[in-house]
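Think of it as A, B, C and D in the order they're written, each chain with its own count starting at 1.
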Amino acid sequence: MDYQKILEEIAEEVKPLLHKGKVADYIPALSEVDPEHFAFSITLSDGTQYHVGDSQTLFSIQSISKVFTFILSLKAYGTHMYDRIGVEPSGNPFNSLVQLEYEHGKPRNPFINAGAVNVTDALVSHYGSCEITISEVLRFIRSIADDESIDFSDRVAASEMEHGFRNMALANLMKSFNNFDNCVEEVVKTYFKHCAIEMNTDMLSRAMLFLSNYGKDPINGKTYITPQQVKRVNAVMLTCGHYDASGDFAFHVGLPGKSGVGGGIVAVIPDVMGIAVWSPGLNAQGNSLVGTKALELFTTKTGLSIF
Amino acid sequence: MDYQKILEEIAEEVKPLLHKGKVADYIPALSEVDPEHFAFSITLSDGTQYHVGDSQTLFSIQSISKVFTFILSLKAYGTHMYDRIGVEPSGNPFNSLVQLEYEHGKPRNPFINAGAVNVTDALVSHYGSCEITISEVLRFIRSIADDESIDFSDRVAASEMEHGFRNMALANLMKSFNNFDNCVEEVVKTYFKHCAIEMNTDMLSRAMLFLSNYGKDPINGKTYITPQQVKRVNAVMLTCGHYDASGDFAFHVGLPGKSGVGGGIVAVIPDVMGIAVWSPGLNAQGNSLVGTKALELFTTKTGLSIF
Amino acid sequence: MDYQKILEEIAEEVKPLLHKGKVADYIPALSEVDPEHFAFSITLSDGTQYHVGDSQTLFSIQSISKVFTFILSLKAYGTHMYDRIGVEPSGNPFNSLVQLEYEHGKPRNPFINAGAVNVTDALVSHYGSCEITISEVLRFIRSIADDESIDFSDRVAASEMEHGFRNMALANLMKSFNNFDNCVEEVVKTYFKHCAIEMNTDMLSRAMLFLSNYGKDPINGKTYITPQQVKRVNAVMLTCGHYDASGDFAFHVGLPGKSGVGGGIVAVIPDVMGIAVWSPGLNAQGNSLVGTKALELFTTKTGLSIF
Amino acid sequence: MDYQKILEEIAEEVKPLLHKGKVADYIPALSEVDPEHFAFSITLSDGTQYHVGDSQTLFSIQSISKVFTFILSLKAYGTHMYDRIGVEPSGNPFNSLVQLEYEHGKPRNPFINAGAVNVTDALVSHYGSCEITISEVLRFIRSIADDESIDFSDRVAASEMEHGFRNMALANLMKSFNNFDNCVEEVVKTYFKHCAIEMNTDMLSRAMLFLSNYGKDPINGKTYITPQQVKRVNAVMLTCGHYDASGDFAFHVGLPGKSGVGGGIVAVIPDVMGIAVWSPGLNAQGNSLVGTKALELFTTKTGLSIF
């Protein structure tokens, strides 16, 4: 298949949509991003990479980091992790407290905010401190992306913290149900740090490769997680990866994926490739408007959905 | 792959679990079923069929019928169908009114009760009467299962209707929001009729074949729906096919599937096969306990998940 | 106190507000009413009556009838009635299904729709038929209002039934929880009949007299309910009489009262008087905008709140 | 009326119930209290006081303090206070986040936890610091109770803070909706301090006197709030004073009142008296079981309900 041609077609077709989305504006660091950006990268199992657009431009990966912390928590705790968090779609906005209260402080899944903050708390317990946690998260991401330059933005993390009252509410609510181990404020800060990690689509598509290959990176040969765990991470991405538009994403794109409010989306085609797309304008559900459309075009043009 | 051997291994391994589930007991017709039943059938694209257990014994397909009516509604209305129903997981029990009220009478997806009753209402509008609707549903199922003997049980349908007050409530609520066309009572009766259709796992695995083959039945050569529509039906089965255990099913089994309270589950492996399993004992979420476990064993043993 | 002067002052002061409310428009029979109407009647314990405005004009009492049916159910069942319905404010709109589902089909109180339909169902069980029920309700109201001409409007009742799907939903939901005895449709019809009873403010203020006098009508000398029951009916009117604006009504008016969507409000000053006010324009919570204001002015001018 | 005899009868009649309630056990300081305690005090408008039981024993007033802080906030902000909090019953448990989220961070009323924390925040803004706030609260209570010895327990306040994660969650959630001015942690600490104020029933019945007398203390002659404000405070106590058992309290007791988890309840009979009762065992809704019963007996025996 001529992937390069397909990517270029897509870049052309989505152009008229680049102004339709709305860049996240709850913190200055995100609202300043130019909505015209577009990037689409794929990395095949043999390491071949195709890309179009601003695939070298770093952006805030935000909730995409939840995939990586969830994987680290599975490595640390195995199936015991599911005592703390579920794997069901929530059917509610990403930051809702309602369900968390009805369900006694156990978050529905690792990709809603409550779940991801809980995962960070579990990692802090495992690694022993917030400092070690954030450096282990970085170490893992640098390894799977094969890029030692990756880091988080202090400015974005600090800015998030200034507006992080709802995440503080979620964490306090979990703590009131005894489903939270450490200092709420410190864990939420650590959570915002890994959300503030900056990558580009080339790095991200490369980083997803082990998830398309049963947990083993086909290039560096390292095994990160078991095939069983990969199957489960991909299943959770498919059912819960896009907040309350997860069904819509499965329906239109048909791939396991995870979006971030910075406009990035990662996805996986098992046995074939890792994918990353970026466009900062968001749709009403908080997912990249153009990114979602571009992925739908990609699966339609290539016929490469999992269904 | 030696499918027959795998099916027999599974039948052996699940035996100790056959008493763990709880047969549906809200109507006599279902509660009388022997919980010891177990059947597992697969039909490959070339028509080869493997089965183990009571694969010739008819059972009430119940909510599995929702897959077939949803498909008929897509054939009748195309994407206009999504004006009436959504495609998001609900995160709530299958028969909840809460979400339906908050979302102004538009059901989350076609597989929760409200959605399926709405689909039946749409079919009644399309076909012009309840009588024609139920015969068209039967005609379609007989065609995809290649079995003219398939019919519904009058006794089960009548018994359901006697206890169908919650479905009447759901339908009246949708009608109060102007998202329902016809007489509530007549449509609910029709809905219970298609839920009372009786099939066995051989028939059901055969009937799923076109969903594993881009909408075209590889045996009789008929094209039922487009590849695009297949992708979407399968996506909705994956994200919404098992009520509020849909995430769990994706997580453990990793296949698009749909369960019924009669203990049946159908599933699809794209490009490979249609699957049906049956065991009447249900788990806490109302899905076949042994059926779910058998499917998990099947994807583990064959490595044939979609992820 | 010069009640007549106070009523006339109030009539003058509320005039500029008569266009601010919105007449109920969900059925033609209600939407046709002239929003300019205003009436305020009080009946003292010695039978003296003061009134201002259209106090002879009949209007649809709607939910005010719930006070009378609740009283009849207390006479029939005593405290056993509280096995079927609660006495707590709902904190939700009058016709919400959410709470009813969470609380397993037991309505919060007799004045939300679910509770009132449940009360009607209890009366039908007690009297043996819908026909006897509606005639007993009329007989009771004619007695307390001392007016044999009172009747319901067939046209309004029929029109309500055509748009009564939400009440059908509520009743079916209660029936699914085994908290409903009779045919849903027949009971809902009977409910709409007593809602369609037509009275004027003179009649209504007279009818409330026994509730200001420990259950005994001070004029005809009949004892309708016990002092204990009066205390409780008045308490439920205070906490639940105005849907999710009940707190606001207690806060501003400070009297036990009950409103109807036809624009009427009844209220009671223990030991002193029965009150009825009417103005068809409603506020955002579905209570008479001018009626509420007029009552607030009345308690402010007379100093006669219960607090 | 022979109040002393009535109080003694009540003390006798409730004895068998003293073990039925459950002492609050979420913090040690409260769980250690002897469940056998019982006290009932009334203070008439002329200052005459009647009491029975342990009316000199101090206990933690807990949520009763919310009445006093609400009054201070009305003095500080007048009706502007209702921009921040409502006056409707919540229909939900006292510490629920669900409603607060649906209603965008505006608490239903000043007596649920979110509302009371919000009131404390408003007072901190008004007085300029947490320190001044707590001393002003104490100054006010000492004045209305005519007792300079009243203080809060450091130990109880500190212990509450250790388990105060849910209140931290509520405050953070309000802050995320911009309905909270100051540092969450400092305000919650101040809130716990005023909840930890210790009084006995003699003090509390004395302190309620101005609320039974149009805002003017009939003994010291001081006017604390306007008659209008008294009417409204009493209305909110009646509709919201006992969490989701407020309707039940109005129904059985028929008086404006406010309970605390320490087992105290205060109530008011307009024009007649202030009331306080104490018994540490709580019913399922978190209100004093014996206290509620004793008040019901009191209004039944004296005929002194407001209805």
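Please note the rule applied: contacts are C-beta pairs under 8 Å (C-beta built on N, C-alpha and C of every residue); 3 or more make two chains touch, one makes a residue touch a chain.
Small disclaimer: the values here were computed from a predicted structure and weren't measured.
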Shared interface partners, meaning chains that touch subunit B and subunit D: A, C
Farthest chain (mean CA position) relative to subunit A: C
Rounded Å distance, subunit A centre to subunit C centre (Cα mean): 55
Mean-CA-position distance for subunit D and subunit C (Å): 32
Whole-Å gap separating subunit A and subunit D, where each centre is the average of the chain's CA atoms: 47
Set of subunit C residues in contact with two or more other chains: none
Chains touching one another, given as label pairs in label order: A-B, A-D, B-C, C-D
Of all residues in subunit D, those that touch subunit A in their complex: 96-98, 101-102, 163, 165-166, 168-170, 172-173, 175-176, 184
Contact footprint of subunit A on subunit B as seen in their complex: 86-92, 99, 108-109, 227-228, 230-232, 234-236, 238-240, 244-248, 250-252, 254, 256, 270, 300, 303, 305-307
